[in-house]
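Structures incoming, each one as structure tokens.
The following pair of complexes shares a single chain, subunit A, combined with subunit B in the former and subunit C in the latter.
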Partner chain A sequence: MAQEYLLLDIILWFSIYLIVALSLNIEYGYAGIPNFGRALAVLIGAIAVGGVVNRILILLLGIEGRGIIETSGTLKSTVNAMISQNPLLGLGILVLCLLIAALMGAVTGALFILPSAKLRQDYLAITLLAISEVLFLVSNYNTSIIGGYYGVSIPDVLAFVPGERRFLAFALLGVGIALLVYLFVERLLTSPYGRLLKAMRENEDVVKAFGKNILVLRIKTVALGSAIAAIAGAFYSLYSVNVIASTFFRVDWTFFPFLMLLLGGMGNNRGVVLGVFSFVIVKVLLIVYKFEIKSTLHLPFEATWLEYILFGVLMLLILYYKPDGLIKEKPVTMTPPIKHALKQKAKETSGR
Partner chain B sequence: MEYGNSQPTPSSGASALVTQRLTKNFGGLRALDGVSIDVAKGSITLVIGPNGSGKTTLINVVTGFLSADDGKVVFEGRDITNKPPHEIFQMGVVRTFQNPHPLKKLAVLENLLIAEPGYGESVLQSFTRRWVDKEERLVKKAFDILNFLGIEHLWDEQAMNLSGGQLRLLEIGRALMCDAKLIIMDEPIAGVAPALSHSILKKLKELTKSGISFLIVEHRLDIILDYVDWVYVMANGRIVAEGKSDEILKNPKVIEVYLGAQG
Partner chain C sequence: MAVLEGAIVYSNLLVLLSIGLTITYITTGVPNFAQGSMAIFGSFVSLSLWLLFNIHPYYSLPVSFILGGGLGIAIYTLVLKPMIRKEAMVVTLMIATLAVDLILLGVLGAYSDTLAGITSKGTKKFIFTPMDFKLAGLDAILVVSSAVILLILFALFLLLYKTKFGIALRASMENPALAEIMGVNVEYTRLFSWFLSGSLAAVAGSLLPFRQEIVPATGAIIIVSIFAASIVGGLGSIYGALIGGYIIGMSESLITFYLSKPLGPSILLYSKVVSLIVLIIALIVSPKGIAGLDIWRKMTWRRSTSS
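Our next item is the complex of A and B:
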């Protein structure tokens, strides 16, 4: 049973982190935009669920109470009872949450990247990190948005699933959403749009010289990436059945996704999948066995810090010894039109 | 005749590009000092001058990569002064760079495909089949250009693996890809073998017949002069002489500022 939970935990975290890492791959891996504020878009997804959908449901159901913290508790028990009788309601709320999260993520992302009109690379990265941190602190200390450090409760959209199968259902749902996101991102990035993003990453002057508006491209790209990351934030909140701002800390939702990207290899989605998978396996095993590891290795510090230290060292090692990651980026030269053109050429050559 | 302060003398016919008293300062340094040139439609116009005379700055200002402090840039009758580079391109002006700007991790073919105007900017189009048909046409065109430049065999090679000369050809290929009305080239044949340089210039000459105009900065006068219609000579940010290619080298000012400086 314990092993089954361990496996489900790996699957669930793999799904959530894959969505976030893919969003970052669009922005940083392809477009070269150093979005050190990834955690913000994930937090926006949580705000969409805990702050927006919660309030919509409170209004619709006429639930009364003092403030969002208290009212959300009542809402949760009321809606859970309804969903256990009517699964479609749960699925409807799930879809609504993901849609609103994506929309809010896109709008936030588009506004968030505006400083890039004046800033490049490292200055932009620091500015985005700062904006993300400010909004994180506001959400954490202002209890009227999503309950601040107290948090808010969220209805269980899978309340109709028997308790012992809930974890499995969420894991499968996570895999399904991650798969859809993967197919979407893969299609997008193997099209001329993906090529243009890579071109922008390689040399902005060339892209400008050939008539492309860099700022518009950046806005579109970060809006897309942030929408996807917000979906991950919303899904994670729905699984947790509560939202607490402090959960959306920069280490977990910005630093770790960057590490996964670097580990797997940027600019190709297969690399991202491998990076996320390797990371999640190590992370989950470290969480489960950290005390055993500490006592076996006689570590001179608290086991809690082991995860951070190991991942920090891992990032340095990758940057130093394997900067291209486990799977190196390759040019996309075998798209259907190119294959077709090559066949035509081969025919012409043999016909001569 | 005083050059640069007067209205330019076009070599023939209507103008594709005109600059009027263009001025650009970098702090205390005046990089362009009232530069007026005229590129006739369907011509090859050459700008020569010693290093630091302002040739590349002129290209950067004309194409919107740098803003002008004073003066005007007019393309086909429209004022394009200080417009952003992407808008200038959309009007039909494309440029190459003095130091090749390859998209290093992209394949040679991909480097050419990004040159198509407006192509790849739509997210929605990525999810339709419309781009596939367009891409087939573009791939064919790109292969034709690569074939002409003699680098067709490198089509799937990452641009970072190309030699200096091959990178120049890639720059030229990208410029030819986008059907521009005015192609501005900064030292297009530097590092390219003489035989290939001649065939590239012949091709450019051929393209002028269809109305395409060229503004070229180049040092290899032994090769390029036979192909150009009009030459401007720059020194210290000013146009100091202009004339037909077979006469320009006899101008004493040119010998003094350009050939003199080289010798």
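Our next item is the complex of A and C:
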């Protein structure tokens, strides 16, 4: 039982972090935009669920109560009872949550990147980090958005699944969403758009010379990346059936995705999968054996601090010894257009 | 009046931090995300000296200064220098400082738990305000932090403009390649800048608990204000850091205070929003900060032509 639990935990975190890391790979790995504010989009996904969908449901069902924290508790029990009778309702809410999260993520992402019109890379990274950090503080202290550090309750969209199967169902759902995102991202980035992003990363002036508007390209890219990251935030909230603002800390949702990305290798999605997988195994084992580690090593402090030190050192080692990551990015190879045309013609003539 | 005093104290500390951030940016070209945690390191130095040896935080300032400087040098030589040698990109170096920040957070958190175990006192959060006293009718922290600022500015001025090392330092800040040709060892200036940055941060950190509660993660929160101060002033200028520190420190404290009168005390939580707004306005109006405004160049130009 314990091992099964461990495996499901790894699968679930792998799915969530894979979505976030893929979104960062589009922005940083492909387009070279140093988004040090990744955590913001994930938080927006959580706000979409805890702040927006919750309020829509409260309005629709006419639930009364004082403040979002208390009302969401009542909402949760009412909606859970409804979902356990009617699975379609649960799936409907799930899809609604993910859609609203993606939409809100895209809008925030598009606004969030606007300072890049005027800023160099390092200034941009600082500004994005500052924006993300400040909005994190606001949603953490202001309890009327998503309950701040008290948190709000979220209906269990899989309430129709019997209790002992719930974890398995969520793990499968997570893998499904992550797989869809992976296929979508892979398809998107092997298109001319993906090559355009790589060109922008290598040399902006060349892209400009070819008549592309850099700012529009950046806005599109970050809107897309943020939409995907917001989906991860929404799914995470639905799984944990509550939203607590303080869990969207910069370390977990900006630093760790960067670590996974650099560990696996930027600019290629297979590398990202490997990076996320290795990271999640270490992280879940550290969380699960937290108390064992503390007692065997006779640590006079919490094992969380050890985790921070460990991942910080790991990041430095990767940056210094293996800046390309485990799987190195391959150069884009394409058949030149003329050869492609000839081949096409040969096919046509042989077919006739 | 108390609000204004608090604002001045906070601004003084912010100036120390942003001068440190700016000087390492000038010499090594990397914005240091660990600056906030370097300050909290100083807070813990003072806390330990107080709890273990009963030394008042004001007297522990020299110790903080030296240990903080050591930390700065360690970060530079162990982490950044090898990467700069390998010609790492700026973003890579920035990620490296984020990693250093996380390591510092882990070390400080672990140390805080350990210290709590040794002294059997709660050190998860701490504040020094009850230890403060009155000096000539003013809070001692106001006098001490202002004195520290004046002393450091005076020393910096002497060093930069009256010594040979200062000339070499300024030369290598302006143009490292040219300075190297002229026989200046740029490495020394980088080491010095990291020592100074670490020591100023630690001193600011030792004094910060007189104004706000400290937890190991406080560094991650104050970093927003430090960057805002440095960028508003212009990341490339020490004077800019001085002006930017006061602009951000004052606006964070005073704007939220005056808004809290009509809007209620809950607005006080939004002080960091103020610094973000000031930062964004500054970036739109003048991306190079106040020190990068054209007015200064025109003024100096006029002065040089009229003389």
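Operating definition for what follows: the second predicted complex is superposed on the first by the 320 of 352 C-alpha atoms of A that agree within 3 Å, B and C clash if a C-alpha of one lies under 4 Å from a C-alpha of the other, contacts with A are read in each partner's own complex, and residues count from 1 in each chain.
As a convention for this text, a contact is a pair of C-beta atoms (placed from the backbone, for glycine too) under 8 Å apart; a residue touches a chain by one contact, two chains touch by 3 or more.
Here the structure is a predicted model, which means the values were calculated and not measured.
Colleague: Regarding the shared-chain residue A:Q3, is it in contact with subunit B (first), subunit C (second), both, or neither?
Modeller: A:Q3 sits against neither subunit B nor subunit C.
Colleague: Who does A:F301 touch here: subunit B (first), subunit C (second), both, or neither?
Modeller: second
Colleague: Using the touch definition from the top, say if A:Q121 reaches subunit B (first), subunit C (second), both or neither.
Modeller: second
Colleague: If you stack the two complexes on chain A, which partner ends up touching A:S350: first (subunit B), second (subunit C), both, or neither?
Modeller: neither
Colleague: Touch test for A:K220: subunit B only (first), subunit C only (second), both, or neither?
Modeller: first
Colleague: Of the two partner chains, subunit B (first) and subunit C (second), which one does A:P192 touch, if any: first, second, both, or neither?
Modeller: Once the two structures are laid over each other on A, A:P192 reaches subunit B alone.
Colleague: Examine A:N203 and indicate which partner it touches, taking first as subunit B and second as subunit C; both and neither are also allowed.
Modeller: First partner only.
Colleague: Once the two structures are superposed, pull the subunit A residues common to the subunit B and subunit C interfaces.
Modeller: In subunit A, nothing is touched by subunit B and also by subunit C.
Colleague: Show me the residue ranges of subunit A that touch subunit B in the complex, using the header's touch definition.
Modeller: 187-188, 191-196, 198-199, 202-203, 205-214, 216-217, 220, 224, 267, 329, 331-333, 335-338, 340-341, 344-345
Colleague: So in the complex, the part of subunit B that touches subunit A is made up of which residues?
Modeller: Those residues of subunit B that touch subunit A are 63, 65, 84-87, 89-90, 94-95, 97, 101-107, 109-110, 113-115, 117-123, 125-127, 131-133, 135-136, 138-140, 143, 155-156, 158, 174, 178.
Colleague: Can you tell me which positions in subunit C touch subunit A when the two form their complex?
Modeller: Residues 30-31, 33, 79, 82-83, 86, 88, 90-92, 94-96, 98-103, 105-107, 109-114, 117, 220-221, 223-224, 227-228, 231, 235, 266, 269-270, 272-273, 275-276, 279-280, 283-284, 287 of subunit C touch subunit A in their complex.
Colleague: So in the complex, which bits of subunit A are touching subunit C?
Modeller: Contact set of subunit A toward subunit C: 34, 36, 115, 118-119, 121-123, 125-127, 129-131, 133-134, 137-138, 141-142, 250-251, 255, 258, 262, 299-302, 304-313, 315-316, 319-320, 323.
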